[in-house]
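Listed below are the structures to be examined.
Shared chain: chain A. Partners: chain B in the first complex, chain C in the second.
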Partner chain A sequence: MTAVLLDGVVLGLQFGLLGVGLTLVYGLGGVLNLAHGQVAVLGAIVIARSMDAGMSTGVSIVFGLVAVGLLGLIVDLTLMRPVYRLRGESRVLLGLLLMLGVGTLIDGVLEWRYPIEALTLRVTGDPVSILGVRMSYGSIVASAIALVVGVALFAFLRFSTFGRATRSVIQDEEGARLCGVNPAVVRSTIFVMSGVLAGVVVITRSMTAPITVTSGFGLTIMALIVAVVGGLGSVSGAFVAGILLGVVNTVSAYTIGSYATTIILLTAAAVTIVLRPSGLFGDRT
Partner chain B sequence: MSGIGDAADRNTDGVVAGAERTFRSLGRDLVPIGAVAVLLALLPIQFHDSRSMMTVIITGLLFMAYAVAFNVIFGSTVQLFLCVGALAGIGGFSAAILSERGGIPMLVCIVIGGVLAGLVGGLLSWIAVSRSLDVIFTGVVTLAFSLSFQSIILGRRDLTGGETGIVVEAGSDTVLGGKVGAYYVLLGVVVAYLVLFRLIQRSHVGWAFRALRNDEVAAELAGVDVTRYRVYAALVGSTMLGVAGSVFAFHRGFIGPSTYAFADVDVHVLVMLVFGGIGSLLAPVLGAVVFTILDEILISFAQLRVVLYGAVIIILFLGFRRGVIPTLESAYSRWRHRGEGA
Partner chain C sequence: MAADLLRITGVSAGYIGEDVLHDAALTVAKGEVVAVIGSNGAGKTTLFRAICGLLRPSAGKVDFDGTDITGLRAHRVSRLGIAYVPAERHLFPTMTVRDNLVLGAFPKHHEPEQLDFVYRLFPRLKERTGQHAGDMSGGEQQMLAVARALMCGPRLLILDEPTTGLAPKLAAEAYAALGELRDRGLTILVAEQQVPLVLALADRGYVLEQGRIRLSGASGDLADDPEVRHAYLGVA
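And then the complex of A and B:
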């Protein structure tokens, strides 16, 4: 059982990173990025293609992260402009539907051009023993990366000037503008960061399981569930919810079965929305 | 979203007049539906000996029916129901299971399928409205419902057949068994839905819909019970989805998890409706016709279809949010007014 719990934490850290990317973009501009997982998979495919072309793993990873970051920037500067001009409910609706289109487009292009491409990163090393459980080296590395990125992100948002500016826009866009913060710059940067975070997630995921071209929708849904349970817009909430849901996921998959697990996770999101729309923890970072 | 209901508002001035005039204006209102019905009824004359073409136009009609129903829910009261396929699937699967396992007559199954879908849709709407969820949370909750439904279909193998699906035999020796028969039955369903949509638009319920869509707070202040009308719209629309889904199940003779999947139904219905113009009476007709033709042209590039749908969604929402029909109508009325002024 300890092994199952630890696996849950490993998975949960990645869920957390996935959710953070989605939650930041929503918190800032009200755009629910329904293409989050597809962007991540695009990054994975860029990495896999680069490695096929004979580049070293490190260079390929840089390539992949730059690609998703760039994609985020392009989407923000083009498609999201008209969205940010709107206010309130119509902004939310347009943003959601446009990103649904982007996700469908990426899915279609990937399945059309590279139907059998998949990313598997092999991290070789001896299994490490934690709490008496032998964990594969891959999951240890994946968790370490997720943890470091998560902590770095948290520190960045909490202590850097740009992080403060970001949080001020999340809290009150007009107020931040009055204090000299340019919401457009903050939003673009965060959109890029969200893409890169998605890229990091597929890198760590691919150390334990292959990322295929059809993984995108599932990743988007997972990010959505995590972000919603943690409270849309809350960074710490997304991380805690990620770990919680990761544990719930592995425990329930281990004891009940995978279909029931999907339903449990989806229900968790729906119930959170209905009972506590601000998320389980309710605080705003 | 701007311009959602412009088209609907134009035909309402006749409602308050005398009975005779109301009757005449009702007739005038139903003319476009009649024209659509006649045009669509002519299609099988062209295609009746091609099984594959009949399948294509039957699927087109099914999506038309879905889109009218979605138009009632989303177009009339802006509830983003991302569970069109799941609601149709509730109708389809419950009708199929009742008929196969329970031996219940087909028509009864279709009615039960519709009622069940209606109840579930109404319940979802009631939850969303009573917790005053905004459009995004309504979308997420209904999406979660959609995917859970999909998991249940896959998981409850004993009832639904899991990935292999279930064979539905009851429809094979009825009018739904043949392609042409099924086409006309579905056409009847679509026409009935369109008439119902028009009648709702003309009634006081339609006024309430427009009021709450234009400004929810103002509508509430003016005494429109927003909760009640939203739930009404969801009930009616979901019942329509359930009936269409179960009629199709009896025609196809086989349903599986992909028959009503989110990716295969919801995205298409959304694109069709937005293309025609959300909230406008004939938008589902135009959208379904255009995208059925497009699908047929792209049939040899099957993988390109997903790319195309993605691109179309982006282009539509970016530059063409009002849809084709409202744009044409306002162009026409501008042109006519200029004529009168001269």
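And then the complex of A and C:
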């Protein structure tokens, strides 16, 4: 059981990182990025294709992350403009629908052009023993990366000037504007950053299981559940929810069967929302 | 006039296509304290929002120290040196007092002297430096809102009804602090319903009624004006 729990934490750290990007973008501007997973998978395919073409893993990863960042920037500068001109419910709906469209488009293009492409990053090394459980080297590296990136993100938001400005826009946009913060610049920067974070997650996931061209939607759903359970807009909420749901995922797969995990995850999410409608840390950033 | 820091002419503004402020004209000279008085709904907040870039005027011009800032967005107006303390304060509720203050200096990194100055002006804030802004009392939040506005070293401080929800003692303290700021050369524009308090501090004032400026003059003259006394000072 310890092995299952540890696997859950490993998975959960990555879920958390996946959810953080989504939750930040929503907290900043009310945009629910339903293409979150698909954009990340596009990055993964770029990495896979680069490696197929003979480029080193390191260079390919850089290519992939740059591709994800660029795509995010383009989407933000084009599709998001009409979205941010709206307010309230209309903005949420248009944002949601447009990103759903983007996600579907990416899914379709990838399945059409590269149906059998997949990303698997083989991390060579001996298994490591944690709490008496032999963990594969790949999962250790994946967890380490997720942890380091997560801590760096947390420190960035907490202590840097831009990070503080980001939190201020989430908490009170008008107050932020009066302090001289340009919310549009913050939104665009975080939008691109959230894409790159998702890119990091597909890279770490690919160390333990292949990322295929159809993985995108599932990742988006996972990010959404994590963000909602954690409280939309809360970074710490996304991480805590991620770890919790990662453990729920592995425990239910182990005890009941992997076919039931999605149902159980959605049920866990629903129960959390019923008990705490704004999510676990919904009133904090 | 050459020494005008702020000059607005013919400004109309409103919401959802309908103007609530009509053809407003107002000047604030460097170093002055100017009051805007009027009852609820008179248009004081609309006027200030139009100056600060939270609202685009439908007509007119806003000039700040020789620069046309009409229609400029709020974050740009803030960076030009106008600090606005809105009636709702708009603090960051789960950020500490210190973080709220530091953000006031954005995009510049705050100078330690600014923080020191603000803490000396409002010692209660220094005591609560690690507290979440949302957990503080109304009076403390008002202090924090003013302190935050001062962090960028503004040339013009605009306050919208700073004594709302404050007990008389705290309101008097707030105005004492504003007096101290005025003595240090800060130019202040303040909207207020508590007329005696603001006219005691201000050099000049404007009376806003139903979106139009009805009266203006030296604060002493306004305080003696029978219409003002009847409408705002409760004198029969």
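Here is the rule we use: the second predicted complex is superposed on the first by the 280 of 285 C-alpha atoms of A that agree within 3 Å, B and C clash if a C-alpha of one lies under 4 Å from a C-alpha of the other, contacts with A are read in each partner's own complex, and residues count from 1 in each chain.
We take it that contacts are C-beta pairs under 8 Å (C-beta built on N, C-alpha and C of every residue); 3 or more make two chains touch, one makes a residue touch a chain.
Nothing here was measured: the structure is a model prediction, and the numbers come from that model.
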Which of chain B and chain C A:V92 touches, first, second, both or neither: first
Partner chain(s) touched by A:G175 [first = chain B, second = chain C, both, neither]: second
Touching partner for A:V20 - first (chain B), second (chain C), both, neither: neither
Which of chain B and chain C A:I145 touches, first, second, both or neither: neither
Partner chain(s) touched by A:L32 [first = chain B, second = chain C, both, neither]: first
Which superposed partner A:R167 touches (first chain B, second chain C, both, neither): second
Between chain B and chain C, more extensive residue contact with chain A: B
Touched partner set for A:G101, first chain B, second chain C, both or neither: first
Chain C-contacting residues of chain A that also contact chain B: none
Chain A-facing residues of chain C, complex: 52-54, 73-75, 78-79, 83-84, 86, 89-95, 99, 102-104, 106-107, 109, 148-149, 152
Of chain B, residues touching chain A in the complex: 1-2, 78, 80, 127, 131, 133-137, 139-141, 143-145, 147-148, 151-152, 154-155, 263, 267, 270, 274, 303-314, 317-318, 321
Chain B contact footprint on chain A (complex, rising order): 32, 79, 82, 89-90, 92-94, 96-98, 100-109, 111-112, 115, 217, 221, 224-225, 228, 257, 259-260, 262-263, 266-267, 269-270, 273-274, 277
Partner chain C, residues of chain A touching it in the complex: 161, 164-165, 167-168, 171-172, 174-183, 283-285
